[in-house]
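Chain lettering (A, B, C, D and E) follows the sequence in which the chains are written, and residue indices restart at 1 in each chain.
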Amino acid sequence: MSYLTVQDLHVSYGPVQALRGVNLHVEEGAIVSIIGANGAGKTTLLNTLSGIVKARSGSVLLRGKPLPERACNIIRAGMAHVPEGRKIFPGFTIEENLMAGAYIVDDKQLVEQRRNAMYARFPILAERTLQQAGTLSGGEQQMLAIARGLMSDPGLLLLDEPSLGLAPLVVKAVFELIREIRDKGGKTILLVEQNAKKALALCDYAYVLENGAIVLEGKGEDLLSNPAIRKAYLGAEDS
Amino acid sequence: MDYIYSILTLTGITMIGVMGTYMVTGLTGQFSFGQAAFMAVGGYVSAMLTLRFNLPFPVVVLAGSVAATLTGLLVGMPTIRLRRDYISLVTFGFGEAIISVLNNSAQLTGGAEGLVGIPKRVDLPLVAVSVVCCLFLVACYKNSKFGRQSLALRTDELAARSMGIDVNRMKLVTFLFASAITGYAGVLYAFYSQYLEPGYYNWTVSAEWLIIVFVGGINSLTGAMVSAVILTGLPELLRFASAWRILIYCIIVLLIINYRPNGIFGDWEISRLWKRRKAVQGGRA
Amino acid sequence: MNSSIATPSTCGLLEVSGLSKSFGGVKAVDGFSFDAKPGEIVGIIGPNGAGKTTVFNLVTGVYTPDSGSVRLDGVELSGWRQDVIAREGIGRTFQNIRLFKGLSVLENVMTASDPYAPYNFLSAILSMPAKRAADRQATGQAREYLDLVGLGGMEEARPESLPYGLQRKLELARALAIRPKVILLDEPAAGLNPSEVREFIDLVRRLHERFNFTIVFIEHRMEVVMNLSHKLFVLSFGKLLASGEPEVVRRNPAVIEAYIGDEE
Amino acid sequence: MLQNIFFGLSLGAVYSLIAVGFALVFNILKFSNFSHGGVMSFTAYAGYLAYIWIFDGKVTGVAMFVAVVLTAAVVGSLTAVGIERVGFRRLRSNQAPVIYYFISSITLGILLENIITIFASSNFYSYPVFFSSKNVDLLGTSFSVADFVTLLFSTAALGALLFVLYRTKLGLAVRTVSFDVNTATLMGIDPNRVVMATFALSGALGGISGVFLGMNYSLYPQLGQLVVKGFIASVIGGLGSITGAVIGALLLGIIEVGLIGLVGSGWMPACVFVIMLVFLLVRPRGIAGVIVQEKA
Amino acid sequence: MRNQRFLAKTLLVIPLIWSGIAMAGEIVLGNLQDLSGPTSVLGNAVTRGAEVAVEKINAAGGFKGDKIKLITADTKGNVQEAIKAFTRLVDHEKAIAVLGPPVSNIGLAIAPIANEKKIPVVGSFIDPRVTVQENGEPQPSMFLIQPTSVQYAEIIASYANEKLGYKKFAVLYDQSNAFAVSMLKPFKAYIEKRGGSVVAEETYTKSDKDYRAQLNKIKGAGADVLYIPNYTQDLVITVKQAKQIGLNLPMVSGLDAAPPFASLVGDPEATNNIYFANNFSDKEPQLAEVRNAYKAKFNEDPINKAYLGYDKVTVILKAIELGGGASGPQIINGLSQVKDVQGTTGILTLSPKTHQPVGLSMVMYKIDNGKYQEIGRYVPESHK
């Protein structure tokens, strides 16, 4: 069964059409990536899924059910969103950031358990639980953002450009982490990436977004060798 | 009829005072929380010059406005670059400081007991002419390069800078002009009421002027003037409701802020009617 | 292939070298250099977050560079105030259109010439002949610019009521009106639909032919980049990754990797 | 000297309760909430009415004090929540510029003050004496029990607030929203409820301040205009910062008292203005600005 | 736009409809009071006192058959509002006389208009400038029915100096309060003329709520007594804080120390050894009726301003009788002839030269351990 189904999604910012009829499916347990150039509408798509941006038309079904109306309830339906630019709370400690991620969980023991699990998985965070998050390096902040996203134990994790502004070695670590979250954590992952090759190599299935519309889709490894990808990024070969 | 005259006169003076607030808040987006203090400066300086040196009226009018402008320079120079909340604090503090100085220099100003014996030099015709003249000056200012640059920096300081606009200088110029106009309102008030007291100029008056500007329309001189007339007139109309009238006044203001978020007039100006007609005629020609 | 664009002369008009800026320990721009000759159209491209807009902000004085120099016509501009730099002759547009909402379309363009308007405060408040003449002239010029970009007849409209594509054009007209030597366009085609993009490319060409100024632009729409630029600079992680002719640059493996990412 | 510092501190303690209530709302909605003054006046009278109508004859002394303070805190919360509903909810959904919030808050402040004037002003009122009026001498300074209680209670209230802000989920939500509404929403936090909770907290503090003001200065409708001291303190402290507001308030208290000794009370407001001006020029972000900068 | 125009028109039309037209057989008295501003407590008390008077007269068939109509207008404690309100009362409501406010600033502001319109204002504005011009001529339309600040301050000073024997005075007053300031200068002048001295002079302003620093300075100044001519809410703070810092001076004050002051403080130890002068004596028989009527109507004890409100009505009606008619000039004429009229606050005689009461004594009280003790009427030798 399709875990997440997006049908004919249209979004406008005032007069600007940001998404023009996007359709996509995410199977349970899959890593699906959406790739595309700057400004193609990738972030808008994720923001619409998590309710921050209101769609003009179209439908989004999570496990066959429509998403809650209000943005703040969407995480309760089992979908967590790690936003672009990480958006960790810089004045909070690492611990507090994780607590914010577990805001919807009322069971204190459960929260503690998950927190400990995060520290186990991210030893770098465990070392400085009381450090202000703003003082972390970019890669560490990304780890924290992902850990925060996992604190609500979502079925589906939306990741927006996790590689943004990170050095290649760190990017590699982040992608390994994503795979691990799926393999060991059993999460379904929808990944928005600019780093197309990395994303395609990682994912099971991918969509290419251009000017707010899906122009291409297919299995990750199939797209990896498709020359049209290059076109999507660097323009037409022949013009 | 005297009743109507006195209301019209005082409304006219308020209108001129509000023009100052309009310029600072409506044009440059600063938040003047002590605009009434400039009225105090204008009023007291002109009144004291008259009482002590018996200078002719036109001279003291000029002196009052100039004094208010200089005070504006003193306050504005160091602070105009601060961000909005700080400007409100500084102008607020300035207003309180002026009041304390007036209270504390009783030999000169009469202190809290007030200054009496100011001759009556202002009547409705003079105020009416003043309103028209000031309105002309302010409208011209708004319609000149100064007004355009002020409005530009109000909506977007960064973009304004990138157009080559010297933002701080423009804010200061507008602030000074506003001080001068408000100072003039102070002079008119002094020579109409024949009595001055420091307590009159406290921050609640400045706050009331801000309310007037916002109810009129965030960015409309026309709106500010209409709302000055309505909101100073409204309490008069509500006098029959005595104690309830401020309550009603507040509720009306709240309704406008909530349900007409750009104020009554938004950024509409009466001059647009005229402009449009001209454009239509131009089109035909 | 870009034969319609006037050939640039040889000496540099805008010369930026070794530009660096960090925010809270993160190096946003790291020793970036580029230059543009008079009449040249230069594109700056690079992946998201590479620091392109920061470069513009450094050149126009929004931020002060930590190090490096920005020279216009041989005059060092780094460290100068934003409005002074603008008056020296660098105009710009913004990624998220920043028009003056309180002003009409015409007045938006007029603000560009207002800092130079030859009348003083007194003429302004008394609406003296000097002021009226100057304003009339400024109005005339502004109308010309509006006509040029295709906004003639919309002088009295409010900018926020215009369709998006026209807002972009208005921003362009406003930047033109400061009569810049160099004009910086930050993602000028963002949010435009394909036909608008083609129209926009034509418009820029037309304007360039007429004024022959230098254009530096940031863009991710390759159609625009390839059609307009004489020269490309690729920015990645705040550093210059490659530069040169567009066709050459886009075949550069390092550039492709920066954009599309590396494989295992 | 020591005595004067003590006067300054205890005055600052009164200011700090006001300033913190003020700063809380700024923290979330980024505007100076002048309706806080109205809340203080309103609750001061509400506490008095509670004393007259409910508690009189049932409890006395400290118990009465606690009963009155709690009532006022509850009424303050409700009033502030009501204010948010009437004055700011619509503005928020319209995404109105901050300036409108400010205007709305001033109007609401005037409104509340006026309601009191209509219903309660042809006589003066005052709270009963809650504590022994004996003086306590300590280290060469003398202070009253009421003073001591004020200080103690302010500290306790601020402590409780800090506890709520830094140790509870609600506090976490408040701080999260203050940083970024969208990201907070992604965490499952309902911004509307957080804003309401913030107003409730701020109102509770307003209620407590109201009772203190009423207790120390007797009751009259303009009591709440002391909110301007909170305004000054929180700007000096660094807008929106809770600790900054406390420091700013204590500093303001000490400066005011110090200036009375130095230049005399007549020139004090003018001197406060000059000091404020110089301070803002030297440190435009306020005292807590350092922390804000480090965040960036 | 159409809506707005309609709104504007409606707003302009309303006042015309709302024209107050005096009915035949009706005497309209204006009552200009601060109902919503900083001194609203005083203004409301005057209003209620006046209402009691009017109700009583109307219940007894009116004044010579004419019903009395009291129209109250709010000044918001603001002089500009007061000017508007005053002209409205006179022009619009056709008031033939106006009960003035207990606030001198407003008296000063409306004096020129009242003179011009020849409408008498009977008030309790104690600043002598309200009733006497700088050239020594009386303000033609302004009348005062209680001692001026000079008389008042001298009564207190004389009592403190001559009866109580104090020589060294400290003063603490609200510099932004015209009442307090006007009570200060004549006090100092009187004391210094009699060989006394002011050894400490401290001030505060309206927004200050902590006077301990000032009181502490006074503590070290070696004064015999502290003079505090301030509003009630300030006096409450003063005595509480004086006690806190251990300042044990006797104090003298104006009528703001009258009830409910001591009960507001609620601390007998803090309200000890305080002398003050009030307008009326609770023991005097003429008061009882008014007090009972007031209590019955409003369910609270009248404060002294309420009695003054009552007396303002009494004096105006007396003046109509004396002046021979109910027009402004006739009442003004009558007011100058007011002699030995029994008011609740004393026997009133108004001087035609100053429009101020002559030889009006005040009632001295002492507060001992929170208890009020009436000492008796007092008037200094120099006033007789």
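Miscellaneous remarks
Please note the rule applied: a residue touches a chain if its C-beta (ideal position, glycine included) is under 8 Å from a C-beta of that chain, and two chains touch if they have at least 3 such contacts.
Predicted model, so just to flag it, every value in this text is computed and none were measured.
Counted as hops between touching chains, the shortest connection from chain A to chain E is 2. The chains that touch chain D as well as chain E are B. Ranked by distance of CA centroids from chain D, the top chain is C.
Chain C and chain E have CA centres that are 71 Å apart. If you average the CA atoms of chain A and of chain B, the two centres end up 53 Å from each other. The distance from the centre of chain B to the centre of chain C, each centre being the mean of the chain's C-alpha atoms, comes to 40 Å. Inter-chain centre distance (chain C to chain D, centres taken as mean C-alpha positions): 49 Å. Multi-chain contact residues of chain D, defined as those touching 2 or more other chains: 114, 117-118, 228, 266, 268-269, 296.
Looking at chain B, one finds that residues 96, 99-100, 103-104, 243, 246 touch two or more other chains.
Residues of chain A found to touch two or more other chains are 134.
Within the complex, the chain C residues that touch chain B are 60-62, 81-84, 86-87, 91-92, 94, 98-103, 107-108, 110-112, 114-117, 119, 121, 124-127, 131, 134-135, 138, 156, 158, 174, 178. The residues of chain B lying in touch with chain D in their complex are 25, 29, 31, 78-79, 82-83, 85-86, 88-90, 92-94, 96-97, 99-101, 103-104, 203-204, 207, 210-211, 214, 218, 243-244, 246-247, 250-251, 253-254, 257-259, 261. Touching chain D in their complex are the following residues of chain E: 35-36, 38, 40-41, 44-45, 47-48, 175, 202-205, 207-210, 212-214, 216-217, 232-233, 236-237, 240, 243-246, 260-261, 263-267, 269-270, 298, 300-301, 303.
For chain B in complex with chain E, the residues that touch the partner chain are 1-7, 10, 96, 99-100, 103-104, 106, 111-114, 116-117, 120, 189, 193-195, 197-200, 226, 230, 233-237, 239-240, 242-243, 245-246, 264-265.
Interface residues of chain B facing chain C in the complex, by the touch rule stated above, are 136-138, 140-141, 143-146, 148-149, 151-152, 154-156, 158-167, 173, 177, 219, 267, 272, 275-276, 279.
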